[in-house]
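Heads up, there are several structures right after this.
Each of the next two complexes has chain A plus one more chain, namely chain B in the first and chain C in the second.
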Partner chain A sequence: MKKYILQRVVISLVTVWLIATCSFFLIHALPGDPFSTERIMSVETKEKMLAYYGLDRPILEQYGTFMKNLLHGDFGYSLKNPGQSVNGIIAEKFPVSAMLGIMSWLVSLPLGLLFGILAARKHGTAVDYGLVAFSVLGVSVPVFIVASLFQYLFAIKLGWFPVSRWRGWSYTVLPVLTLSFGSIAGRTRSMRTLMFEVMSEDYVKTAKAKGLSAREIVWRHQIRNAIIPMIPTMGMEIVGILMGSFVVENIFSIPGIGAYFVTSVQSLDYSMTLGLTVFLGIFVVVANFLVDLIYGLVDPRIRVAK
Partner chain B sequence: MNEEVKNSCVSASDFVRVDRGMDSDVIARPSISYWKDVWRRLKTDKVAIICMVYLLIVIAMAVLAPLLSQYSYDSTNLSHLNEGPSAAHWFGTDQAGRDLWARIWVGARISLLIGFGGAVVPMIVGTLIGGISGYFGGWVDMVIMRIIDVGACIPDLVYITLIMLFLGAGPGSIVIAIAISGWMGTARSVRGRMLQFKNREFVLASRTLGGSGLHQIFSSILPNILGQQVVSLTSMIPAAIFMEAYLSFIGLGVASPMTSWGQLAQTGQKVFRQYPYQLFIPGVIISVTILAFYLFGNSLRDAMDPHLRN
Partner chain C sequence: MMSDKKGHLLEVENLAVSFDTYAGEVQAVRGVGFHLDEGETLAIVGESGSGKSVSMKMVMQLLDMPPARLKSGSVRYKGEEMTTKSDKEMEKYRGREFSMIFQDSMTGLNPTMRIGRQLCEGIIKHQKVSRAQAEKTAIEMLTQVGLPNPAAIYKRYPHTLSGGQRQRVMIAMAISCNPSILFADEPTTALDVTMQAQILKLMRDLQKKTGTAIILVTHDLGVVASMADRISVMYAGQIIEAGTAQQVFYNPSHPYTWGLLGAMPNMIQEVKEELYSIPGTPPDLFAPPRGCAFAARCEYCLEACLKEEPGYYKCSDGHVSKCWLMDERASEVKPPEGVYTRPRKEASV
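Here is the complex of A and B:
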């Protein structure tokens, strides 16, 4: 187990370094500079600006500074939001995105598992068909369609929830529902399949032969074993929710990190794009690392195999 | 026992001896190849046929509709802004007065091209690399698998953002971006299958007969894993269409006046409170197409391997 953790730590560190380095050089290789999109600026001012941010130095020197600051957890200052540090923007905006993500995860996990188990238990009935139809639809409809549909139906037509913004609990309902919609559908589908797969395992047959009741078999043997293969997919799920949140934040005017990411990419704000890419990269890498660790802890068979 | 035989009403004369002549080797029915067999099973699946017909119609429309329409996808008409669907403009017009019927089907060309390209390119790259990795093993395998270990940890979003920035928005860069993040999954699964097959008898036979490494990969092993690859292709196509829609939606995809389904949905979303049809028409078409690909993929998987059916 120790060796496995060490190996994973090394891979994660290499990944983070690779993300930072590739992002740095790709962004600096882009045509144009951060100030060329702005309103006309005299050559001197532009040179002063470039010098101020250190963008006139040799690229390797800039890279050295960037890596040194990165090791201290410092992403530098935003070029397009004067006076604001990238760390400051992340500290201010990321909690909103994180809360949105965590809430969606907390909604989608139990609901998805429940629907999956329900569909498998009621196999061949109307409940099963309904849930299967929902799960197939849920993975085919893009998140911005779901978002607009929910907004149109529940906020504009029915007026149950506020249309947009982020000012209290009632504002969170529609974004969270939208964001969890796809994950619930995906989870329902895989949990249903896993329940069927487990059903033909020897230990379930043994449990039946021992005379356990159907309820006990489902709870003590089927569900426990069916959940295990769901764990490694959680890493993917986190990325999915993160990507979905960019769209949802845009549609529901939520002041999260997503809007900053998109605008900084489009306006060539080097330090913002770099900072956010590396930050989100580290976030996903750490999440995947934790998920793998949990997987190894929960299922002893994985440890042996590795 | 003998009693029974004697008492039964079947006599020896009821049996006719089969002529052991020349034509005992004749095969009574035409032989059925694997793909014919798959097609025979697929034909009986109603869902698969409906999806296939739908997809063929969409493809045909993408090819033909822009040619037949009297409107061009990028010609603006300022006297017909934001008009709802009518006899003149079947899907209405957008905020620049462009005909949405023409735009939807031009967009379909781009979205479908990205769908197929974004599935086929990573599939080919992944199969090649995974095949080499699995077949040769040793340090080649080690290096490739470590690269994939690290590469798979990097979120797709990071790759895609950087590549879109570097190459500029456009269908080609979307395909490249999807390919760069997508080949690794295919490579892993092909490598696994390769390890399964490389010591099977027919591959050993090929090796004994002097087949080179590449010959063994291409003519002995790949045909065996082709079925599985086709099935995963049918799930990669909708994923690529989905990705295109997502990227265009956050402004990293196809730029106006060129259009795609994602881009149409994005412009529609901005005005959907006033003109809902501008979002819902492309939205429904994207969703139904993705749905059709998924369902068709499921049916194809069942038809190829009836054991998997649940």
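Here is the complex of A and C:
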């Protein structure tokens, strides 16, 4: 186990390094520079600015500085938000996005599993068809449509929840619902399929031959085995939820980190883009690592292999 | 048909099972009947797809319905009709009165549950005992099936055991509630030859001790020889010959049985000889032939065989054959050389 964790830590570090390096050279390969979009800026001022931020140095030297700072956990200063450090912006805005993401995950995980199990148990009935219809709908309707629909229905027509902004619990309901809608649907679909797959396994027949009731078979034998193939996808789903949250944050005027991500790329805010990319990269790598550990806990076969 | 009216432990009559698929109806079992008495071993022999396993699962009602469908037939256990019982009612019988050993012990055990818990489940369910008591019974069962260090195995996961050990666990599980009938669905097919012999010996020993009746489903005639009291041979969803092991092995009367026995390698055979095989393939069960299902592959096929299905002809006491050759109008036919003259040795493994 120790060896495995050490191995994973090394691989994770290499991954983060690759993310940092690739994004560094990619963003610098984009035409223009951070100040070329400013309308009123003389050539002199612009050169002064570039020199001030060290952007006139050779690219490899810049890379060296970037990596050195990165090792100290310093992402530098934003080029477009004068006086604000990238670390500061992340510290201020990321918790909001993370909360939104985690809440959606906590809502979508149990609901998705439950719906999937329910659909499989009620196979061929109206409940099953309803859930299948829901899951097809949920997977195919884009998140911004769901968002506007929810806003219209629950905020404007029914007035149950505020339309937008982020000022308390009631403000979180609609964004979280919107964000989890797609994942609930997706998970319902895969859980339903996995339950069917497990249903035809021999050990389910064995359990039935033992005289267990359908309910006992489902809870003791089917669910755990059905969830196993789903675990590795959870790591990727975290990414999905974060990407989705950019859109949702925008629609619900939530002061998360999503807006910074989009604008920083558009305005070639090098340090901001790189800082956010590397930060999210680390986040995803860590999430996947945790997911793999959970995988081992659930499936004894993997545990021994480690 | 094949069962007389005396009270047998298990009586199956005219059992027909179909699977409804998108391609149409597969008539997997087409009128199967047999009976079983206490403490005896009945072997059901046939090639893959002949419906032997489906018949067993239908008796225990382990098939998923749909797609499976009981078309007709009755299953009486201790005189009680089972086919009309609900799934809920069947739970009381499964595991307690009937239990089953499956072919593949690798997939037959839940990979994410410890052996002990899988064993205890059935014991707790049927004997209504505490967890601690169930654990004691479970460990005793593991000892009975000859597993070394049962207390350690109790705590292990299936993947840490060998194939033979897993099959022993399956047997321990199957006998843990003292069933009166044990369905063994190709219990040794997935094992190597040495392990096969050990498992069969274990089953025989347990049967001697507990008096459990066994229905052994297999395509391995060697297994049959060492285990069975009576044999039913299945082909294309029907039983085509049935009798005692002696009758079917040494006085077979259906050409398909001749073929099966002829295709069995024996130690005396010249090594140079190519092993006999029955030509052709079994009929399509989407549309079974009108006449005898074996007619197309049969060397002795008569005109009648293609037109109409034969009934069961009595060869001798307790020995029947579903073949037109047995009809008095058919001319006498000699089975291929060697079928009746095969060396008789006391069956043992």
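In this text, the second predicted complex is superposed on the first by the 295 of 306 C-alpha atoms of A that agree within 3 Å, B and C clash if a C-alpha of one lies under 4 Å from a C-alpha of the other, contacts with A are read in each partner's own complex, and residues count from 1 in each chain.
Quick note on the criterion: a residue touches a chain if its C-beta (ideal position, glycine included) is under 8 Å from a C-beta of that chain, and two chains touch if they have at least 3 such contacts.
Just so it is clear, the structure is predicted and the values come from calculations on it, not from any experiment.
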So, A:19: does it touch chain B (first), chain C (second), both, or neither?
first
Using the superposition on chain A described above, determine whether A:203 touches chain B (first), chain C (second), both, or neither.
second
Looking at A:288 after the superposition, I want to know if it touches chain B, chain C, both of them or none. Which is it: first, second, both, neither?
first
Chain B versus chain C as contact partner of A:43, first or second or both or neither:
neither
Hey, is it chain B or chain C that touches more of chain A?
B
In the overlaid three-chain picture, which partner chain does A:247 touch, first (chain B) or second (chain C), both, or neither?
first
Does the superposition put A:220 against chain B (first), chain C (second), both, or neither?
second
Quick check for you: in the superposed arrangement, does A:262 touch first (chain B), second (chain C), both or neither?
first
Chain B and chain C footprints on chain A meet at residues none
Chain B touches which residues of chain A in the complex?
11-12, 14-15, 18-19, 22-23, 26-27, 29-30, 136-137, 139-145, 148, 152, 156, 193, 196, 239, 242-243, 246-247, 250-251, 261-262, 265-266, 273, 277, 280-281, 284-285, 288
Can you tell me which positions in chain C touch chain A when the two form their complex?
60, 62, 64, 87-88, 91-96, 98-100, 102, 104, 107-113, 118, 121-122, 125-126, 157, 159-160, 170, 173-174
What residues on chain B touch chain A, complex-wise?
149-150, 153-158, 161-162, 165-166, 238, 242, 245-246, 249-252, 262, 265-266, 269, 272-273, 276, 279, 283, 286-288, 290-291, 294-295, 310
Which residues of chain A touch chain C in the complex?
199-203, 205-214, 216, 220-221, 224-225, 228, 298-301, 304
